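What follows is a pair of complexes built around chain A, which joins chain B in one and chain C in the other.
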Partner chain A sequence: MSAEEAPASASVVKDVVVSSMEVEAFRRLFPLQYIERYLDAAVRPDGRPLGRARPTDVVLGQVPTTDGSALVRLGNTTMLAGVKLELSVPSTETPDQGRIAIDFQMPPICSPHVRPGRPAEDACAINEQLSNVLASSQLVDLREFSITSGKSAWMAHLDIYCLNADGSLLDAALLASTAALMDVQIPAISINDEGKVQIINFREDQDEPMVDAEKVSETKRKVVDKRRLKLGPAPVAVTCMLYKNHLLADPTAEEEAVLHTVVIVVLDSPDNLISLYKPGGSVLATTSTVMDCIAVARLRLKEVHRILEEATKREGED
Partner chain B sequence: MINLEKPEQARSDGRTANQLRPMVCSRGLLERAHGSARWQQDNTIIMAAVYGPKPVSGKKENPERATLEVLWKTKSGIAGNTEKEAEVTIRRTLEYIVLSSMHPNTGISIVFQVVNDDGAILACAMNAACAALVDAGIPLNGLIVAVSVGVSTHGVVVVDPTKVEEKNFRAHVCLVFPNRPKCAVAGLPAPVGGEPAEHGIISCVTRGAMSVDEYMTCLERGRAASVKITSLIRNSLEHCQLLQVVGVEFGAVAGSPVPGEAFFAIAVLLGP
Partner chain C sequence: MDFLSPEGLRLDGRRALELRQLQAEVGVVEKADGSATFEMGNTKVIAVVYGPREVQNRNQQQHDQALVRCEYSMASFSTGDRRRRGKGDRRATELSLVIRQTMEAAILTNLLPRSQIDIFVQVLQADGGTRACCINAATLALADAGIPMRDIIVSCAAGYLNSTPILDLNYLEDSGGGPDLTVALFPKLNKVSLLQMDSKIPIDVFEKVMSLASEGARTVAQFIKETLMENTTQLALAKGPPKF
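Take a look at the complex of A and B:
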């Protein structure tokens, strides 16, 4: 939320506020009334209509050291996600599946409310919700990560860093995770007849794969080329804020601090509900409110799928 | 009673889709806690202890209201993200009923100890916390009622799933509704959109994917089941001497002389 946006939409406030009080002072002293004045005029402090999300920007492949990465901006909320693949042995219960380990981090850089040290409560809750959403949705088929059943599989470390926490963190974190997974390229590997798996490193100055020449002659090898990860429909999260009879989609940190009641809807197709999370709050959600939130999520689902499509297309052109 | 005509609706423990497990709510079990409660739903048992309002310092101190703190202790092992998320959800849910502005600059801690988890643990924790808060005499503006609903792989919606059912089912939901036919605070919230206030959702946590229609069915079943749990909670509280106090003024019972012999067991049937 930048300060220079306030004067632009100040006329709305001006009519009702004592004219001698400056908008910025009013905003700091009476944050709730400040937002309320806007809501009564069916507009948000940053000029958006109530049900619209902030401009969203997805860029793939920002971190070359990872196997897949994405930088997502949702208004001012910024998330950087990266996927690192590692060879591992699958668990005995699921011999033909790989694993995903999700780590959501909120370093002190992201917000004045985060202190260094133990991870914040919010970060843990978002981490849990992300794992829950990825486990419930059809986005990643863990069998895609299998190399040889029972012997080796990929272990994906999905790390998400919050660089700027300006509200709707789960929305941005999920979008960044999905985009990073879309960007994943599973490296080329060679499997010898004993089942030992080795990653083939291509170096820029070398055309030949970096495999020891002696070993190649010793044993027969099966080489698996690098490939993209096949993904299902992408789940999309929308944070909805409830206040009186208003429903605000994609709130900023300023709005979240004042209004409290939140409903997070995650959909992966217009009729498939992946998660509906409402942690308390002073406003009760009725059946019609729930339907309204789902309707907002459906609109956003279409929008985000388009944004993701464009991002992959841009990445393909580069 | 296994439904022979529709075998996919049969449940492993022989319950019907709308049948809750027998519930027991007992209060005042812990000597040192200001309030405590144990909530049992067959094999799911959880204890809640409430300490406070007590002095706090530093970041936790709020000059306008009491701060709530929730601690979740698992049966074994250390607390991970799942427990942290449960703590956040429970804290934000309880903030809905606790009149925290009556005790500014203080803290109220609610500690949960899972005795055994056989499904619907979050719902049990919410109900236990509510009973423990009443036992501690913390001023509340009403009670809450939590219920767990599951969606089986065949799309059958059942209430109060067990651990095995939760694992095999496509999805399950924990729903929390207000429970306030009587109220301590003047001015009940008017019906919203033609629905009574107790149909409004305070909290909702879902696990697994389901269709929107299935969610709506869950909501409907959850509301029906919550009526039964509501009457259980009220009965349980009224068996104590708190009878005259509940729903009128919870604040007056601080340091309740009742050792909390209230013990009430009931097998709840929602009908076919």
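Take a look at the complex of A and C:
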């Protein structure tokens, strides 16, 4: 290569880099500056305005082996929630209440940062927050799960699996939990005069319950039909990211990794807070920033309630 | 249940806007780099800080900032009924994460690159407001260890019972079903680092409770400053007059 040629070839290389490679390299090498440039132009790397959440999709009844299930997609974040009901004896302190056990799982398939084996710290934190939110939101009245006071009640196991972790995990997990609970159908049961409860299984090809005719005639039975769970207003979580003066709603994993400071707001109606969560972070909040986050959450609340309504309608049609 | 008597007194005799008695002691553990106990009424927490020291797990080392680790645990005798809590306890893990993130915001981690700071917080007696008490104890322990912080970080809880905002809930009030809001803030900057609330609450009430909790935290800040001042004075006296 001669001295005259060198600058020319360098500029060609530079052009090639500029055309396709440079953005990707810049993104990997300087993730903060990459996002900052977008924020200065008041857009996000995926083209959203700062305050808007990603497209959200809710499908109910995806898993036929459960009593209620939902698949939720929030952008790329995917959550699958299922509710299994089983008969149990209520605790003596709350004889006319059932129980609900929540388990949030982040298997290694969901993100490269999750290691197999011990549950991740984040998973524990989300699990705890989810339990707190569901307990304080009055979404489920636990008395709904009661069958006979002091003797039997339903125990609901709500398991949420994160299939793809791309930010705003609590938002998606809560939405999946709510949707799965909306989908719950409490099976029909028969209670004999000794108070023994039995689940009646309907076969798909016949409408008659699969209980032996002789047995029915032997003892008096009370049959309780299958029913839907009555639910309160659905709580909606919105994750907001704070960076300098910007407020980003529903961050992706890429944004979460770089910007650090997060505020999670949970509402169930425009002027009822259920939970507020701001764990540390480098950006400090004043009361007005918190109120801004609540305002963003209010807008999102309407949208999510509409999405949930549509999902139930679609489920009803099928 | 009535949490306020007609005279406006609470179950433990306090008024609605009154903190419990605060008590703190710095340097309680000989071998640690920094340690402190902090008491808010019957809630008592001990915090111990080791570091800055060499990073134990080399692949966690960060070249531009210190690694902060935190472990929260509750003594099995700390609550009314004895409960053995394992290390994998969900609540404990969540709290460890929250305390770590809060303290990380306070520590000037960029001044201590390639080092590790361990914070261990142990609840000895739990009577409501453990979260706030843990953060206060950790602040004192960090200050005792001489770790650079942008400001002390102080915390206080507040709630809303019988349609009255109430400061610094004890266990009975905490389990009264009302909201429980914990705030941690930097008193000089007057900015909030941690904010945690789990309960149904109208937004206008939230603002009241939040400002009350912040006010409580500022009072705690005053107390912590006095404690540190006294501790420093005693250290200076023990060292004797400067020699020239």
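Methods note: the second predicted complex is superposed on the first by the 297 of 318 C-alpha atoms of A that agree within 3 Å, B and C clash if a C-alpha of one lies under 4 Å from a C-alpha of the other, contacts with A are read in each partner's own complex, and residues count from 1 in each chain.
As a convention for this text, a residue touches a chain if its C-beta (ideal position, glycine included) is under 8 Å from a C-beta of that chain, and two chains touch if they have at least 3 such contacts.
None of these values were measured; they are calculated from a predicted model.
In the three-chain model built by superposing on chain A, chain B clashes with chain C.
Looking at the shared chain after the overlay, A:S288 reaches chain B, while chain C stays out of its contact range.
Of the two partner chains, neither chain B nor chain C is touched by A:A234.
In the superposition on chain A, the residues of chain A contacting both chain B and chain C are 121-122, 124-125, 127-129, 131-132, 136-138, 263, 268, 271-282, 284-287, 290, 294. In the complex of the two chains, the chain C residues touching chain A come out as 88, 90-91, 93-94, 96-98, 100-105, 181, 185-186, 189-204, 206-207, 210-211. Those residues of chain B whose C-beta lies close enough to touch chain A in the complex are 81-82, 84-85, 87-89, 91-96, 171, 173, 178, 189, 192-193, 195, 197, 199-216, 219. Of all residues in chain A, only 121-122, 124-125, 127-129, 131-132, 136-138, 263, 268, 271-282, 284-290, 294 touch chain B in the complex they form. On the chain A side of its complex with chain C, the touching residues are 118-119, 121-122, 124-125, 127-129, 131-133, 135-138, 263, 268, 271-282, 284-287, 290-291, 294.
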